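Chains here go by letter, A, B, C, D, E, F, G and H, matching the order in which they are written, and residues are numbered from 1 within each.
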Amino acid sequence: MTDLLPLIVAKYNYWLYVILMMIGLYAMIAKNNLIKKVVGMNIFQTAIILFYLSIGYKKDATLPIVEVGHEGQEAVVRALDYINPLPHVLMLTAIVVSVATFGVAMALAVRIYQRYQTLEEDELRMRLSEE
Amino acid sequence: MKFLGFIVVCLTGALLLYGTGQFPAWGDPGSPASTHLSNYYIEKTVEQTQVPNIVTAVLADYRGFDTMFETSVIFCAGLTCFLLLRDFTEKKERFYRHRPTGVILHVKDSEKVLKVGKEFEHIDKDFVPSDLIIKTVCRILIPFIQIYALYVVAHGDFSPGGGFQGGVIFGSSLILLAISYDLKTLVERIKEKVLGIFAAVGVLIYVGIATICMPMGGNFLNYGMLAPLLPGDPRHVRALGMLGVEIGVGLAVMAVMAIIYINIVSEGRHDEGL
Amino acid sequence: MDILVILFLVTGLLFFLGGAIGIIRMPDFYSRLHPAGKLDTLGILAMVLGLAIYNLHHFSFESLLLSIKMFLIVFFVFLSSPTATHSIVDAGMRAGLRHWTKKKRKG
Amino acid sequence: METIISIKPLLAVLVSLLVIPVLVSSSDKPNVRESWTFIAGIIKFLIVLSMLPAVLQGKQIVLTLFKIAPGADIAFRVDALGMLFALVASSLYIITSMYSIGYMRGLKEHGQTRFACFFALAISATIGAAFSANLLTLYLFYEVLSLATYPLVAHHQDAKSKRAGRRYLIFILGTSIGLVLPAMLYCYHATGTLEFASGGIFTGQLSKPAATVLLLMFVFGFAKSGLMPFHSWLPAAMVAPTPVSALLHAVAVVKVGVFSIIRVITGIFGVHFLLSFNLGALVAGIASVTIIISSCIALTQDEFKRRLAYSTIGQLSYIVLGVALLTPKGMTGGMLHIAMHAFGKITLFFCAGAIFVATGKKYISQMVGIGKRMPVTMMAFLIGSMSIIGLPPTGGFISKWYLVLGTLEGDQMILLFVLLSSSLLNAAYFMPVFYKAFFCTEEESMFEDKIEEAPMMCVIPLVITALISFALFFVPQPFLNLAQLAVKGILGG
Amino acid sequence: MHWPIDLIVLTFVIFCAIAAISVKDLLGTAILFGAYSFMMCLLWAIMGAVDVAFTEASVGAGVSTVFFVAAVFRTSRRTKD
Amino acid sequence: MKVASDSLVKNNGKPAAKFLKSFFSFLITFVLMAFTWIVLSGKFEPLLLWLGGISCFLVSYYFHDLLFPDLKPEYFMIFLRFIKYCPWLILEIIKANFHLLYLAFHPRMKDLIDPHIITFKTNLKSDIAIATLANSITLTPGTITVTADSDGVFRVHSIDRESAEALPGIMLEKVAKVFGEDI
Amino acid sequence: MTSFFLSVALGLCFLMLFSMYRALFGPTVLDRLIGVNAIGSKTVILLLLIGFLYDRMDMFVDIALAYAFLNFIAVLAASRYFHKRKGLYEESFMD
Amino acid sequence: MDNYPVLIVVTPLLAALFAGLAAWIEERLSYPIALIGLAISTFSAFKVLMRVIASGTIQYRMAGWAPPIGIEYRIDLLNAMVLMLVSSVAFLNLIASYKSVEQETNDRAASFYTVYLLFVVGLLGVTATGDLFNLYVLIEITSLTSYAMVALGDRDRAPLASLNYIFIGVIGASFYLLGVGYLYMQTGSLNMADVSRILQSHQGSSIVLTAFILCMIGLWIKMAFFPLHVWLPNAYSYSPVAFSRVVAPLMTKVMIYIMIRLMITVFGYDYIFKTLHLSSAVVWLATIAILAGAIMALAQKNLKKMLTYIIICEIGYMVGGAWMGNQLGMTGAILHILNDALMTFAMFLAVGNIVYKIKDVDLSNLTGLFGKMPWTMAGLVLAAFSIIGVPPTCGFFSKWYLILAAFEKGAYQFAAALIISSLICAVLFFRVFEICFFNTDSKDHEHGNGHPQIKIEEAPVSMLIISGLVSLSLIVVGLFSGTIVNTIILPFLK
């Protein structure tokens, strides 16, 4: 037990990200409703963000915003004191992208509903084959 | 499909779990990811750019090129929603509401057009009058939210936030206006055309600032070259460049969020939303 | 000073606990809204108060501004929370949700 | 061997290609269009002819156009064999185009411009194939030729020609892409070059089974040669207008197939290589089977052009057979037969076309007594068929003579028997036509007793070709010399 | 130091994710999706990624939930799974 | 069905007065915004102050009619009275909250509560007064405003009798006093 | 003090579980909405607490503030749905 | 003067934004703006290509930061070629699509150009960049714009196709992003050259292996490699013509370019072929892809849909070639990027012309087209020959290298698949030609006499000229393929 806790602490973030990603992926593949799929898509994307941020985390470090000294003198910045900023930057971009995709997907869902009055994939398929 | 999905998911999960086997421990300061590039950013940012928020500095300067395209993505999303949903056709059936009394007229004849103005307003069949309490409270809240959004944009250098977040919050304030009153209020206040122009201009500010650096003798995006154009301490020129860029991002994002919301919620008819 | 902070925080926690319990225990949607909407609001007030006081430990102009900023949160919550509650209850009404009454249960 | 770098081969190819835009632009002025075709044909012939002296002196004319990969450029090389073929093709192009004017106008065919364009394209490809320096270039022009002739085959645009066109494509493209292409690439992979070399390009990279497979892939792959399992496109393609059939079966298409096989056997595998594995006999066997069977089928055909088609299949196999004998005489005979058969067979097709133009008859059984009505045509027919059968005062005799000598030289008595018996069969399927045309009673004759030939533009070409067939018996030199030169080059003697 | 909170919030996140995709009412999905975003935001604040947390707060809690509700408003709440 | 009047419709008036009114509302909004900005920012660098000024100007220029659709001089007094009202309200809230806490933790909660809806009419006129009253009602535990329309009719959901009986009562008086309206 | 904050934070997390129960299993959508709203208010405090844990309060206040705004907007939007959709057939002028 | 590399990407972006502005202010301006933007971009690409051929790889530092810190553009011969290809194809298509955009996107033309330009920006950026994450962002731009464009097509079916495209596209991009994350975790860097340098010492790591698999699967999804192709046919065939003309030739090819780039520049030959030994498996997969694509194409009744399956088949060629693990295969794959882009472009140009005149391109509607639109059909025929692999056209020469590579590796099944697919393509296209050639609906052509004079109804001249130009370029490129291989591909591979 004493060995297990450090191991879990060391890796659980990664394991849980995998689980989250599996949930998202499953929803995207197996769900029947288009909006559910969009949700799955978003979960999938957040899982990736979680993964990246887990990479960037550093124990006993503070936010990647440098504390400017109170009297204006610049303290020496030590890399160990700050969390890795690069994954944050990357993930900001990724979030933006996912929002954009989300908006477009929603717009499309509205369009599809306008046309077919349903968002269930099997019903859509039926409608398509009827025409 | 469910079974297939399950199998795919399990395979992917197995692959990823296999990959985690050799991961360095969570939060390990000595992992390669935290030592190679990031140290440079952490140690040099303040010195090189005078911006305490490293994330902003990396976002808008070191990797500003990414962010430029990120903004383009947002712009593109807005444009897409507009293209997909915007519907300019006039409906044959129309509803009018007499403003002072709240009487609703249902006009079935497409020829007859009531004058929309002070007395009558054009509504759709989903019309529900907005709630007084919500309306009043939101009326008070919205300017504060907006000033907050602008604060977030302006303080991207010092605190979390920046153009994108500020833009989103500003956009939400507009959305709040649309929710608490109705969509028409928003559309009347900020015309669709203005939003469209804002979206393009926002990205254009970014790309423009980046492009100006080239005739000034630097590489693309090299804000350092803007020193002759800007007032103030030349050491701060990069920070100023970033600020300009953030403002562009904020403008674009604000406009795009509003565009997306308006188009989705009214199916592109811009009459009545949530 | 610390005791004051702890006191406030614990009070806040208590309010939150009450809210949480209320949310679980109350019989219907409308009565659940009462603890959710109000106890949480007060909980926020108490806790922010505690934190703001703690923030003033190293007193300076900046930390004072920061504390005011924290109170800004409270200000907004006090404006928005009842509105949200009202909005939800209105939604419930319009959605046609029946409210739980004692009589019905007895009868 | 001396080589000359010259742009002439390219010009020869391009002439008829460049004339296409002109043809298209003058599509509503038939006379102008036709004269352009003529001019192009003559220029082309002259260019080819201008290279003849150099080739006869044993020189080669070389031109590299595009470098694709080491050892496989798009390049031209004019040697004796190519010259022989080009000479035949370009000369007959003039005649055929003259004939086609008469034929097409006589029948008021549609799409004459299209016809002329693709005709020009096809002849360009033929010349290109004749002059190619390596297998890649040859393959290129081979494919172009296949595709250019498709619209010609399907010219009528009705269900029958649709079927014929489809079959044509399936056989030709299918074999060339499915068999020749991999074989060619395998050669390139194994040797790193595709240049035709007199001794072949293989130097022991292949085992016997591999070589056999490769050879068979090539031989069957060039399905234009009509070797037996892949022959049935040819009779089907007879739905095309007769000038096309003439071009297909006498000059361009089928001969390109045979020519390609000769090139592969001599230039890629090399005579010695094949001899060492005794693979010549294999090809010869296939060829002789084709000869016998096709001749027998030809006997049963009533449609004139189909009979000619089966005859062509047989005659082409003569050429393959001759080359596959791998003896000097046999090869000379085979190559010579390209020319001789071309002139003979084109005459026959012209005759068939002329009859169709004049009377609208397609079947032999309907032609009883036609000799009285169209004596010139039928006389030409006689000469042509004699040339095909191999009877003395015609050119066909010479090539057959060499073939027979070749079998004797190679000690192949069975093949000799095949040759002789097929000659008999040839006679058996041609003579009845002639007999019915002239020797019939008044009652049997299906035509009025009045001489009414096809239009002049139809008759003149067939007279010319008949005369040339006749003349070649006495003056076979240009072709004979070329063939002998080619054989000398191949056998390195 | 922060790992217990981190772990708890992560668990919540996963609950929310599972619930969001299995609720049989799309508006419920939208609401749970909002909760999911809250949790994510919290998680990232815990991990020290304030900028990301801010973005997620503004995007996930604000805009994207609103878009979601808007889309559901214009389509239907019904779903079979 | 009654419909709330739209407060965004500009009321008629002379152009000059209208301009003055909007200018004042702009000014007050600007001051409010500037104060908020300073609280938020906490930095006094010239650049940031400039930016703050511009931001406040933009917001108050474009949205001043939201905060103060019809500015009256007595608003200042209202503001003062409102500040006076706040402590009482907070006290009331805290007091009542303990009541709710008691309810929540009570083992036999379901016997104690008796949810029902009551309706009452007030004479409040202005939107802001109605909203304030409604929010105050909602904040004081035991009662939640369900609807409140511009005629001053309130529907309130209360969790038990006790809370219901306290309404409208003293709170209405206070609010009416704050906004200078009759009860 | 830090450990106290940590335990308060953990306590809040624990309380969140209750709200989460409503959000996950709430019989109606509106119950979920209540749950999420409650989670939101707890999260605001939690964010402030984390700020203290990191000792970088100034950074986290902004987030908490934004959070308070945006939570409100989301809840408003969700409840506004019912103002429009369900009431359509009962109260609207349309029959 | 040294800013050409970035100008390639930035001018279309600026043009897109100005076109977007113009959409609100003066609609007619947006087309010329777009045209000018792409013209400058093409010119810059040409300049860059010339300079790269003359003096080797160009590095361009964004914002002046040195590579691992900032983003860099690293343009070598392969990049330069693909950049040239993308920009010129986009430019030509823009010229050709003026009329069809007007016809298809009623009153949204200006916005259409904006999205179009953004799409091109994405493709160009993807090609030019030397940074793994920048690549992702740009992939997302291309994806997002293509979702939009696809959805603009057929009013009934396109939105659904587009939504499915979004789902699969997001999965693909996310897998790639995950792969980059794994790489970042192992190396701490995002610059391709830097990552590659660090990876030298981590050959056996399971993280790298996972990263590799994830990146490849992501890209395969994006390029519609066989089992992951399901989105492509619907998405491409329902999109508006002006867009499908540019997405079909470019999108998948650029993705293949990325795959090759990752294989060569990031992971390295040795890692893939010596450490992992994945070559034969993928070549088998490619073989199946080719056959499956070809066979599925046979079953289609719509010209556009048939072509999309042929694209899937062609992807199999390129993936197979790239994974062959020898120089010939890589040469073939790279050459086929160029050739396939050109021939698909020519094909879709011709199809676009047909669609302009005949709305529905079901095969049964095409009767008598040779008579009606001879020039268009000439273009179509050339493109078809190129796809079949008839010699003087360029399609033959890349097939040449691919088959040789297969022989060299001993992957005979791949060669066989190539040949069979060529045959199937021949069958497919000649079926089309037959339908277009034989005018079955007019009954009065007994024996070739008295054909009714068919009225020629050609597409607009602008479309025709581009179509003809591109079709002719197929032959020119084919004939000069030796030059291309010797000056661009072989120096690059060495």
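Note that a contact is a pair of C-beta atoms (placed from the backbone, for glycine too) under 8 Å apart; a residue touches a chain by one contact, two chains touch by 3 or more.
The shown structure was predicted, so the numbers you read here are calculated from the model rather than taken from an experiment.
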**Co-neighbours of chain D and chain C - touch as defined** = none
**Complete:** Quick note, more Cb pairs in contact for C-F or C-G? It is C-G
**Complete:** If chain centres are mean C-alpha positions, then the most distant from chain C is chain D
**Asked** Going by the average position of its CA atoms, which chain sits the greatest distance from chain G?
**Response** D
**Complete:** Ranking chains by how close their C-alpha centroid sits to the total C-alpha centroid puts first chain H
**Asked** How many angstrom lie between the CA centroids of chain A and chain H, rounded to a whole number?
**Response** 30
**Message:** So the centre of each chain is just the mean of its C-alpha atoms; given that, what is the distance between chain C and chain H in Å?
**Reply:** 57
**Message:** What's the distance between the Cα centroids of chain A and chain B, rounded to whole Å?
**Reply:** 18
**Complete:** Expressed in whole Å, how far the mean CA point of chain A lies from that of chain D is 70
**Set of chain H residues in contact with two or more other chains** = 133, 137, 140, 144, 147-148, 151, 159, 178, 184-185, 190
**Asked** Can you list the residues of chain E that touch 2 or more other chains?
**Response** 1, 48, 50-51, 53-55, 58-59, 62-63, 66-67, 69-74
**Message:** Can you pull out the residues of chain B that are in contact with at least two other chains?
**Reply:** 16, 23, 31, 33-35, 37-38, 41, 53, 55, 59, 63, 66, 70, 73, 76-77, 80, 84, 131, 133-134, 137-138, 140-141, 144, 148, 152, 158-161, 164-165, 169, 172, 175, 179, 260, 264, 267, 274
**Asked** What residues on chain B touch chain A, complex-wise?
**Response** 1-2, 4-6, 8-10, 12-13, 16-17, 20, 23, 25-29, 31, 33-35, 37-39, 41-43, 45-47, 52-55, 58-59, 63, 66-67, 70, 73-74, 76-78, 80-81, 84-85, 158-160, 164, 260, 263-264, 267
**Request:** State the interface residues of chain B toward chain H in the complex, per the touch definition above.
**Result:** 15-16, 18-19, 21-24, 31-38, 40-41, 61-66, 68-70, 72-73, 75-77, 79-80, 82-84, 88, 193, 196-197, 199-201, 203-204, 207, 210-211, 214, 218-224
**Fill in**
So, in the complex, the side of chain A touching chain E is made of residues 9, 12-13, 16, 19-20, 23-24, 26-27, 31-33, 35-36, 39-40, 42-43, 46, 49-50, 53-54, 56-65, 83, 87-88, 91-92, 95-96, 99, 102-103, 106-107, 109-110, 113, 118-120
**Message:** Which residues of chain A touch chain H once you look at their complex with the stated criterion?
**Reply:** 25, 28, 34, 37, 41, 44-45, 48, 51-52, 55, 86-87, 90, 93-94, 97, 100-101, 104-105, 108-109, 111-112, 115, 124, 128, 131
**Message:** Give the list of chain G residues in touch with chain C in this complex.
**Reply:** 1, 4, 8, 11-12, 15-16, 18-19, 21-22, 28, 30-31, 33-35, 37-38, 41-42, 44-45, 48-49, 52, 57-58, 61, 64-65, 68-69, 72, 75-76, 78-83, 86-87, 90-91
